[in-house]
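So the structure is just underneath, and the comments pick up after that.
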Amino acid sequence: MLSQQILNGITLGATYALIALGYTMVYGIIQLINFAHGEIYMIGAFVGVLMVTVFQQDLIVSLFAAMMTCMILGVTIEKVAYRPLRRSTRLAPLISAIGVSIFIQTLMTKIQGPQPVGFPPVIADAIYKVGPIEITKVQIIILIVASTLMLALNFIVKYVKIGKAMRAASEDYDTAALMGINVNRVISFTFAIGSSLAAAGGVLVGIYFNAVSPFMGVSAGLKAFCAAVLGGIGSIPGAMLGGLFLGVAETLGIAAGFDLYKDAIAFTLLIIVLLFRPTGLLGRPIQRKV
Amino acid sequence: MLLEVKDLHVSYGAIRALKGVSCGVKEGEIVALIGANGAGKTTTLRTISGLIRPISGDITYKGKSLIKMPPHQIVSQGISQVPEGRRVFTRMTVLENLEMGAYIRNDKANVKADIKKVFARFPRLEERKAQLAGTLSGGEQQMLAMGRALMSQPTVLLMDEPSMGLAPMLVQEIFSIIKEINQAGTTILLVEQNAHMALSIASRAYVLETGEVVLAGQASDLAKDPEVQKAYLGE
Amino acid sequence: MDIIFSSFLNDYYIQVLTMLGIYIIAALGLNLITGVTGQLSFGHAAFISIGAYTAAIFSLRLNMPFGVALIAGGLMAAFWGILLGYPTLRLTGDYLGIATLGFGEIVRVVFLNMSITGGALGMAGIPRTTTLTIVVILVALVVWAMYRIENSRFGRSLIAIREDEIAAEAMGVNITTSKITAFAIGSFLAGLSGGLYAHLLQYLNPSDFGFSKSFEFLTFIVLGGLGSIPGVILGTTILALAPEFLRFIADYRMMVYGLLMVIMMIVRPRGLLGGVKLSRLFAKNKIEKTDSTAAGGSN
Amino acid sequence: GGGGEEKKENGEDKTPAATETIKIGFLGAKTGGHAAYGVETLKGMKMAAEDINNAGGLLGKKIEIIEEDHGSKLSEGATVTQKLITRDKVVAIVGDPTTGITKLAAPIAQQNKVVLMSAGAVGTGVVEIGDYIFRDTLLDAVAAPAVTKYLKEQLGWKNVAVITSMNNDYSVGLSKLFKDALTANGVEIVAEQSIQDGDQNFAAQITAIKGKNPDGIVFTGYYTEGGLIMKEARKQGMEALMIGGDGLLSDVFMKMGGESVEGSMLYAGFAADEARAGEKTKKFIEAYKAGNNGVLPDMFSAQGYDAVMLIADAITAANSDVPESFRAELAKTSDWEGVSGTITFQENREPIKSPVYILEVKDGKFELKDTADVK
Amino acid sequence: MSTTILEMDNVTIRFGGLTAVDSVNLNIQEGTIRALIGPNGAGKSTIFNLITGIYPPTSGEIRFLGQKINGLKPHLITEMGIARTFQNIRLFGDMTVLENVMIGQHCRTKANFIGAILRSPGVKAEEKSIVEASLNALEVMELGHKKDELAKNLPYGEQRRLEIARALATNPKLILLDEPAAGMNPQEKQTLMSMINKIKSMDLTIFLVEHDMKFVMSLSDRIAVLDYGKKIASGTPAEIKKNPAVIAAYLGKEVV
């Protein structure tokens, strides 16, 4: 039972991680808690449903379409709502992000109604037994897709030039520009990647839990954000670790009988971790040099 | 003129920082820009690099206007800057900072060789190469900012107070490096509080006061000018 | 005085204005923490709920007078503010924000599972003792107190912490004590506001105090102008009334509300009255015109 | 200063008779977490108003539904109630579909002497608030014991798992009723799990329950989570059936659960069962389907419809649209035929709806399995 | 023989593998101007950070007026009588010049938030004394006329002077100045020098880090030289100028 619960936790954690990556990347570069990110994830899930039901597409095509749509959406939001605020106080874009989030959520409620929509089965139910653990096909697919995407991302950020440009831009736009970096493009790129990962998360979660709803972005977004901070916000491996950690901790917490306090588990853990590691599990400690 | 600034007007909100500045650098020259605090020296350099949009006026490089160009494109034209206040990437290591300087270059092998050259010039940086730049001492950061600008192999190098916060020996060192890279073919526009040193290596100089050029001429002539001596050389 | 109000206001307006006053009190509390001291708090709703439930229990279960219940609510919130503040206020910036967000969620879950508060069923039957008169008087008192704090030794130390913590400490400010005090006062006001809220609505439910309510208050103060007392009042007024004024567009109401937030922020990135200080208004000085791009200090 | 408790005379004319239409307010959410219930309730209300107006209106006037959204927020719930009463001068309010906001709105309605008819509140402590407060729902306190008896005697369940949605007051209340009834009937509760409305992942809870191997699952929350829970249960290879309250009654239950909810049972005071429905109900179902792309109505729309109709009938009976007068008529309602069942208001205004329908999911549809009578 | 105001006893600090300050011994006599010079990265600013409690030393002891201060929090050290300026200016940008200086008076006054709200006569009097003391400090640095400007709007040189004024307002016995003349032109440096002399005449001890040798040599009573965290020389300006080790490590051929 324990190993089974851990597997459940890892699957849940993998989806948290996918969303958390977007938070962490955007935070890493413009120090913005992008509250609209949860809504992008929600839109991604709906695009997935649309592709599967209306356009009768398979998983891969639907996933791809959702990622593309959200890529455009994320980049547009940045351009319209955050870019004009790039040089103002830290909290200004945060408020703008909350505004965007309210807008998208109510728009979606209006378009498609407040009811959740079922996600049609795109993957046949199948259970495999590995020792004492039962793993479903859906779980396997989620784990494969999530880890592939994360590896790809890690590669881009670590080894491709733009990754370094992201770090430079995150510190100082002007000086980054003086290095020949097109800061606007780098930021757009960050939103593009982050948003498409969230979309992938949305589709996978939709398949895993069989449902999507206009409100699904709120709590998932919050949890994922929590995961990003837990791992050390700004750190990509941190987001992955934080997501998995949170998913497993939450699942085990429920299994251990703390189900009443499920939502509190994640946050209690978070506070405890922060007290001992004030910048998260993998966050770089803040250097105090004067 | 290789780089020419014509009748530049810049303001920060209500504050008018430049009121019609004109100056220029010929190929191969070192030109010094001196003036009191707040005269507009930094503003001039930042406008050339495209970080500030002027109200009016023109900046041309090899006859082409830079006014509408975004900063990263200006860099790829060959104009680099050592910004005021060092502005190193504090959360990146010394080595990574240098690599950022070479961002627009694609010749990996030569970049490596150039990093070696920078280390040879500033051995202190090599000792600290894995340290986060934010924890360097003030002077070490200044060396890093200088090394980083050299990494882009600029045609024109704009330098904003490169000697600030450096130990005396290093000040001399920095000026001889500036001369050296100039001799190797880089054109230099130098902003300095240390007018004494600046005038000694520059061929020409401009004196800026409250957003206007009040004096211009050969550096050696200006060094002898009594007004300049009194105000900027402290003699 | 209630008679006077009701002679020219109908019950709907009285309800809306009373609620607005309650919000202003809580917003001023958050402003002291975030706007003045610069400490991000994403958990203000938790302190409001602590105050609301405490006050409700005092008047409903312990039959205490309204005034006692209100003060008890404020003190209980302040107590938890201090308890949370001690370990967490050494966190910087967003990490502190997250810790307070987490605290807010924990408080909500605890209320959801507590029997004395009725858990998920909520707590009903609280007497409706909050009146517009009481709220107006309290708002006036709080504004007056905040204005005095702003121009005091204590208030200056808070602003210094916001501007540069290290420099403040090096100048002899005990930053821990100052931050905790600010946090306690801010939480007290949240609790006070919660008590009023409970005795206006007569019914409390933990789901009403989720993180989105905390962000609502953050929005009030940022849009109004962080650190500016008139700004906070204006921001709260506009945003708290907007949902009511926007009723005429019916189904598009919340959509427009979201857009409004984005547009107002872009038009006035420092908030509607950012940088406006009440003391300067009183002194009839000209409003400071500073460029929004200018950074603090010059390091 | 206790001024807030006195009824205020604003110098404004408060007698509704002066208006051209008879206004009934809708109190509910069109946005936010409770929107699903509010939107359905409103649909039912509008259909009722249309039916009444098409039939010539009430006392020669038309009925008008004033709709306001409170965005699922308590504070706005209070202002909306106040606005409906003070500015729109409604004679009655239908809503809120949830117990919480009903409890919040009821004192305001009571103080202002406006009838409030909740079309969804099932928790305790609602009608006690005052004599202007009504509801037209099937009370769980009545249904849960009847159903418990049924599952023990007819289905032969000896041990069950109970799942509660902790942030749903309805679910928390119902679970308590069920647990009491289960204990009283000697059915063992082998596992207790909790979820929250809006959750989508139930893997941990199901894994935990599966270990206890219960005969059935009693789930007291709403249809969305119910469907997903069963999906997860089947995914993990559990075979037990689910039984729940009318919170499960919606097509969404099948949409969410698909195959997995086959055989699941629930009780309801309303079933969109065209085959067995009475004339009135059949017409309602037809009309609803016509306006909603063939989707079947749920209990919220049916109860919203009935609420308006109940009020209308009381107004006709009293021959007055002044709440003071028709309130008394409303309280006398007895064996009233609505689309959601037969309603009688007891002495204390608590409704008795009979019978309790036990429905079962069969081939992706709700079908009547049995009925249990209520005294 | 004047008293020793500050003693550093074998003070060392390591950052990871780097020993930034290495077994430094230093004594400063009351009422003097002591300079600390050395190449970039020698550890000068770090010594200031150690004295003011920003970093705790890895080993060694720092005593102020005979009392051990290492391990104390910065605000307590300031309260005991040590004030400082920063190499990278750290003003309270959105506060006025006067308010910046008033913060300096914080540790010499005591009204809390209750006092702030009630504003008793005692509190009012205290507030008045804060303003007076602050204006005095501003006068010393010749910034009185700028008191209502926002600190961030001052030109660079004035910002540096404001930092000193703010430090003076803490009523220190010892004041640490980290590169106070950096970024100033010769004229401004001249004014600054006379101000520092004025401060000295107010019975304060000054500990100064600066790279401008003309400035250092003409102001200081004694100079210590640091290189790679170690003290390599100590003496009067005249002695230091001639010290071959110092010339090699720091001064170079520029003989001042």
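Read from first to last, the chains carry the letters A, B, C, D and E; within each, the first residue is number 1.
Methods note: a residue touches a chain if its C-beta (ideal position, glycine included) is under 8 Å from a C-beta of that chain, and two chains touch if they have at least 3 such contacts.
Bear in mind that the values here come from a model prediction, so they are computed numbers and not experimental data.
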| item | value |
| --- | --- |
| Co-neighbours of subunit D and subunit A - touch as defined | C |
| Number of steps on the shortest touching-chain route linking subunit B and subunit D | 2 |
| Per Cα centroids, the chain farthest from subunit A | E |
| Winner on C-beta contact pairs when A-B is weighed against C-E | C-E |
| Cα-centroid distance, subunit D relative to subunit E, in whole angstrom | 73 |
| Distance between chain centroids, defined by C-alpha means - subunit A, subunit C (Å) | 30 |
| Length of the line joining the C-alpha centres of subunit B and subunit C, rounded to whole Å | 48 |
| Subunit D residues counted as touching two or more neighbouring chains | 30-31, 33, 166 |
| Junction residues of subunit C, two or more chains touched | 112-113, 166, 251, 254, 290, 293-294, 298-299 |
| Residue list for subunit A, restricted to those that touch at least two other chains | 106, 218, 260, 262-263, 288, 290 |
| Residue ranges of subunit B in contact with subunit E within the complex | 36-38, 124, 128, 131, 135-140, 142-143, 161, 164-172, 193, 195, 231-235 |
| Contact footprint of subunit B on subunit A as seen in their complex | 161, 164-165, 167-168, 170-172, 174-184, 284, 287, 289 |
| Residues of subunit A defined as touching subunit C within the complex | 27, 31, 33, 35, 80-81, 84-85, 87-96, 98-104, 106-107, 110, 218, 222, 225-226, 229, 233, 260-264, 266-268, 270-271, 274-275, 278-280, 286, 288, 290 |
| Subunit A contact footprint on subunit B (complex, rising order) | 46, 49-51, 70-72, 75-76, 80-81, 83, 87, 89-92, 96, 99-101, 103-104, 132, 134-135, 148, 152 |
| Interface residues, subunit C side, partner subunit E - complex | 145, 148-149, 152-157, 159-160, 163-164, 166-175, 181, 185, 275, 288, 290, 294-299 |
